[in-house]
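Please find the structures below.
You will see two complexes here that share subunit A, one where it goes with subunit B and one where it goes with subunit C.
Up next, the complex of A and B:
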């Protein structure tokens, strides 16, 4: 008679060292892939920074090489000729205004759309989704014509309204899905607590939107700060130009001036990178909010 | 505190009617429990009382005031939700004081009321915490505290303990019962838990398909159900039903033959006389089986459930969907697969019309 141990097939022995080696090898491979992807993404940024420190001779002789030394003269020249502080303030003012308008109007529009289950609200949500899918270039001409007729060209109000209108579908999309996930019982409890619709929105719904608002604000900030077409189209007064248009000054009709263009591009991106670095933790918390209970 | 009255209350969603003309009176200070299977309309009825669902037709009064179409906040009700529905961004104190703040109550008054409620519910140590930092039981206490501070005429509870574990549920059940005694408030409580209903209620309302099947004291519903549904729904384990035929009626007794119990004939006292040959169901609770009962039969036991102090023997049959359940006390237990001699007193048996389900008294 066979015993149980006789019939059992012995397992292939794997030494602890081999397991450790496999785990480490896998980890190194994953890290290498991640580092490779990071390098690909950082390459344009590194190239821009590198170019910004080169003299015109270095750029002409070796456009891909490292600078011999950090030449700050390019930055001085760019700063003096692009109206940096003014353009950064313009960009910041426009970006913040757009964020405020988009956040408030988006959240207020999304609240009823998330809660009402009728045909009209479904049609509105569809129209908003259409707005998300519409390429920017399609809306350029109508916006220009409308704003010209309304006398909103070359005004801060005009550019803020244009961006707000363009980014509103994104905000409604973000907020609608987020609000739909908020338990309806919270609103019912508030209704029993004597709240009207506005009070429910303001005291109960709005505070719960903080994480998604942080994420939305980041997206809107990046899109508005980096947008080139609309400020170019709607703003002509040099005192109202955004930083991206100010950078574009160094692209001429016959060619570019790399000794000024690259430092100007670095300077133009700097405030955005700084803001992202400062608010990164909050933004990432918002992006992942609701992923786990 | 106040009484609640519903007169022919109806709820429709479009063409679908879900509450069919409910008439109900809940007296001042009563603890009334709505029970019924899923989809019977108990939560809908509670939400109609809260004003969270519009009453399509009929009348509703609280303390004599017509509140049929009044706003939820103007009805004098407070509700405790199954999911607690605490505002996650507010502390316990803010949660409890929110309704009063919105209502424009003075700060000192809010503080006094909130502190008093916190003391009743032993929440003083948690007042500055947010809901996420509380356990399930503590959250439920905060939800109850939020209701207390509003000093409503009627408290409404929508399955408030169903999200808690078994031990905490028992603890909170006792707490709510104590609270009812302490406040003397009218409370309406929705549950599907038999034990909650039987232990807490002054009055149980059994609902089915949007209609009240029977309303009354727990013991009345248990001992004297109006129909098959109530008899089967109230009590755990459920009542046994045996198909039978009335063989003869004499001297105020209907003699019912039960094929499932080997054709024994059971004389059941009746005041309304059923027809001879009429198909009936005889109801017998598991605890009504006793070894020395007047009517004797034998059952084959499939399964024994031993709960410690008491055991339940299950006897299945191909002819019946439900097994016969027999409560066993004492130390001797039959073997699974063995035969069990059972007896019962005919006076504990209830008779129902097989066709309509109505009780034959």
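Up next, the complex of A and C:
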């Protein structure tokens, strides 16, 4: 028989209701913090988009306020002097080409470097690490002079090769450490099945590189898309210039005109954002593949 | 029939070869883009009309990127035909033999203002065609001043302090004194005596900043402005001098902004903004001190492919009517004597101080101060604003150390 005191047991801090309440409270708090951080990170982007729709007078009178209406005139003016479609296509072509070259050559270079445990491979990896640490301004003149001698100035091939050479150390570094962590037994099994080195690389190692390739591609894409110094140096034909050069025209030496710069900056980063939006699922899937076994 | 066809073909080939002979003049400049057109689109059109066999291909490279983009081309023997340079680039590239001598026999050379000629001539050679001398001083919002009962831009320290107090009493932010460029202008105007010690003495290490009465007084002058409620030093230390500060002035949120005259066009485009450009209040003069910056010019690199066309470009700018277009767009003074003044009326206070001889050439643009000292000034004055009660020695010693390192 149950006593009265049994039924009237007060809820303790460890009762299921309390636990649920605590868990929900914690979850709401975490969500609030995360949303707050996201809002802080998005603030410059929102500000840029907001400013791009304001007239010069609105910006002067109330720089932080919302636009009275969406003024598209700034975009029309920016588009008319950017050569937008052409420059975006140039940027996309160059960026994708660089990613392809860097991913393939980087992975192929990294495979033997990760597997051969001798002094030469260690030295090569160290040289690659040095390549990562070398500032751009040190390599810019040699690259220019070599490309001039090879007749690669003002060509798509030249700019792709230049970027590929600059980003290759990063790729080799990424892939070397990743491949080194792949169990050697997988390769031994393939070898028992009469696979040669190339077949092992292509059919065993390469598929396992998906996560690191996704991360690397992301890094390379952002770096190449945003770089304007090398295109400015190596490309002179106006039809070959990248979208960031088109945006660069709106940056002043002693100040900025928000009505011109902000719409140009939005237009310049829009294709990159769209690419992220389209490929986000694949990139995230690649980046997290293998993270949990 | 065959003869006619041959004649047509020959004509077409000749026309094609003539069109192919068009010279493309490769010009690199940090002006002429959307943000700072400087009248160049108009001038290029005029130049091409006057020289139908030359097509100008202008590439914009911001000043901060010129040091990265142009040296590889100079060293690779494939430079632009004409490049914009300032005194430090003339010194660096000219000294390395990358720039052509434009000839001291040029007509424009004789017309150059003596002080500019002295700065730009090296070893009897002139490697640049100077385009402008541009003023630096205070932009003053006259509507806000009127609200505080003041009808004149302040040109003395006492006037400036009185204006600050009157503005602050009305709840108006008196002055922007951002740690980098704006603060430097005040410190420079109050440290460099136009009739006293030559800036070159500091720049060469002959005289130290730390023991110098003038520069100690200049830093004390900043404290006086703080005491007069001109600004909050810690707040100003975090203000961006190139983006936020001009935007604040454009928005009418602040009454006084130390900046360069290159902003005149930018501020003039704001509807309802009534302002003047005035000389910097200085302890050495009651007229205000005009701070003239020797601006950029054109240079022809040694290996320029189209040197002859490049020379035509320079000669085109040497014609007063063409240079005037550039100067008007820039809000600048001509570096040549006898030129027509293109400055607007709102810059009358600055122009007057200049005319009365109350001016100095900004020592960073004349290379009297080493280039490295400029960034040190920006950094250390920002540090000074954050710790305004610390001894002057902490700031001034850093300048002396930088000068010593540069020697």
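Odds and ends about this structure:
Just so we're on the same page, the second predicted complex is superposed on the first by the 239 of 293 C-alpha atoms of A that agree within 3 Å, B and C clash if a C-alpha of one lies under 4 Å from a C-alpha of the other, contacts with A are read in each partner's own complex, and residues count from 1 in each chain.
As a convention for this text, a residue touches a chain if its C-beta (ideal position, glycine included) is under 8 Å from a C-beta of that chain, and two chains touch if they have at least 3 such contacts.
Please read these numbers as outputs of a predicted model, since none were measured by experiment.
Partners subunit B and subunit C fit side by side in the overlay (superposition on subunit A).
In the superposition on chain A, A:107 contacts neither subunit B nor subunit C.
In the superposition on chain A, contact of A:212 is made with neither subunit B nor subunit C. The wider contact with subunit A, measured as residues touched, comes from C rather than the other of subunit B and subunit C. Of the two partner chains, subunit C is the only one touched by A:144; subunit B is not. Once chain A of one complex is fitted onto chain A of the other, the partner contacts of A:170 are absent, as it touches neither subunit B nor subunit C. In the superposition on chain A, contact of A:203 is made with subunit B only, not with subunit C. When both complexes are overlaid on chain A, the residue A:183 reaches subunit B alone and has no touch with subunit C. By the document's definition of touching, of the two partners only subunit B reaches A:195; subunit C does not. Note on the superposed arrangement: subunit B and subunit C approach each other to a least C-alpha distance of 47 Å.
Touching of subunit A by both subunit B and subunit C, each in its own complex, is seen for no residue at all. Residues of subunit B touching subunit A in their complex: 50-52, 71-73, 77-79, 81-83, 85-89, 98-99, 102-103, 146, 150. If you check the complex, the residues on subunit A that touch subunit C are 56-57, 59-63, 81, 136-137, 140-141, 143-145, 148, 153, 229, 232-233, 236, 238, 248-258, 260-261. Subunit A contributes residues 183, 185-186, 188-195, 199, 203-204, 207-208 to its touches with subunit B in the complex.
For subunit C in complex with subunit A, the touching residues are 26, 30-31, 33-36, 57, 59-65, 68-69, 71-73, 75-78, 242-243, 246-247, 250-252, 260, 262-263, 266, 269-271, 273.
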